[in-house]
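Each chain carries a letter (A, B and C) given by its place in the written order, and its residues are counted from 1.
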Amino acid sequence: MEKKRTTIVLFSGDYDKAMAAYIIANGAAAYDHEVTIFHTFWGINVLRKQEPVVVKKGILEKLFAKMMPRGAEQLGLSNMHMAGMGPKMIKHVVTKHNALTLTQLIDMAQEQEVKIVTCTMTMDLLGLQQEELVDGIEYAGVAAYLADAEDGNVNLFI
Amino acid sequence: MEKKRTTIVLFSGDYDKAMAAYIIANGAAAYDHEVTIFHTFWGINVLRKQEPVVVKKGILEKLFAKMMPRGAEQLGLSNMHMAGMGPKMIKHVVTKHNALTLTQLIDMAQEQEVKIVTCTMTMDLLGLQQEELVDGIEYAGVAAYLADAEDGNVNLFI
Amino acid sequence: MEKKRTTIVLFSGDYDKAMAAYIIANGAAAYDHEVTIFHTFWGINVLRKQEPVVVKKGILEKLFAKMMPRGAEQLGLSNMHMAGMGPKMIKHVVTKHNALTLTQLIDMAQEQEVKIVTCTMTMDLLGLQQEELVDGIEYAGVAAYLADAEDGNVNLFI
């Protein structure tokens, strides 16, 4: 019997939305789905290395690199009204309840062989290079995403 | 013949997004789909009772309860640029055109037997208790959502 | 063999989210999918004509018309944290990398016969009239969207 399939486009670079994406992805993988998370636009920031990486860049690309959050633990919240609450408060609650942080959720996804893909077009646009992103991820375009999604049972845009 | 199925993850706690979720859910139910709305993260605020409910809570949970909107009619708008417009203006337009308010849309969904589910993990994290939420809803985790979604014809994340 | 089908609800009126919607739509059309983009709520602003159109309106409808962006090139960004970056910076990068602007992506979608639909209920609510929107689009309600989506392989809410 063919495996069920879940694909998620992670467009958002918000901590809470990325958590939701990785919770659903890990759940689906535990259910024995083949799972793909396609990181595009701001969703790529989730995969940036926390430490600065020295690469050659133009002025505009340097500016982007500086303005955008470096990695999972630097992201903000999606919710305007809740922003007063802050990502720190959310992380505090997550830890208090022995739930997983975003970084731990990403590690678990990699252990469960969730396919973590970064959109090459976004990397071009924002001037990001592979050295700046975490290890163990794939690079592809929208065509590869669609090839996975058209056979998907659960397809979400987050 | 098997019934078609629609599932919606309602992550957002914004008035306009919750309206869109319930309009699609009611439409799908009218089309004889089996429909599930899985309320998670800020989407849970849509289901809070409007009047304050006295329950025992820790300090942090009390703070959350105070910061988050209590029920459908207290939610804000998703749109930064439109926030000047305000939920009041939207509700005014809805009433003027004899369209349904969010509260009415939720009532209609319950009459049409849309399965309204609240994410138990989020309730734990935010310290919400069942007494604080409206009646006639179900409580489940991401596994139950995925069980519905993997057979879904239309699956959306809102 | 029946054609595969992709449907997108474009709820958002943000430049970057509309870009993502039209990039996926164009990709799916190139893959020979039948594609529908259903513009609802703020997503309708993507389809407004850039020049002001004189139509008879009530005071509230005039106010909406004034507050909401007129067409693809006037939209803002989805990302609170990136809003300092501004749509201008994004468009600059898009042009620099010979990528397509939103207006060009919409033109390409029309050439590829993507079905671009505007939600009639939203038009009623916001007091928008057909003369105010770009040519070559269709007008329909949520029932028509669901009829397309229930046979869809890829269904997204953006």
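Keep this in mind: a contact is a pair of C-beta atoms (placed from the backbone, for glycine too) under 8 Å apart; a residue touches a chain by one contact, two chains touch by 3 or more.
Nothing here was measured: the structure is a model prediction, and the numbers come from that model.
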Superposition of chain B upon chain C: rotation angle, C-alpha, nearest 5 degrees: 120
Copies chain A and chain C touch via same or different residues, half shared test: different
For chain A paired with chain C, centre-to-centre distance based on mean C-alpha positions, whole Å: 25
Per-residue overlap in chain B, given as positions that touch at least 2 other chains: 80, 155-157
Chain B-touching residues of chain C, taken from the complex the two chains share: 9, 11-13, 40-42, 60, 64, 67-69, 76, 80, 83, 121, 124-126, 142-143, 145-146, 149-152, 155-157
Chain C partner contacts - residues on chain B that touch it in the complex: 4, 6, 16-17, 20, 23-24, 27-28, 30-31, 33, 78-82, 84-85, 89, 92-94, 96-97, 99, 153-158
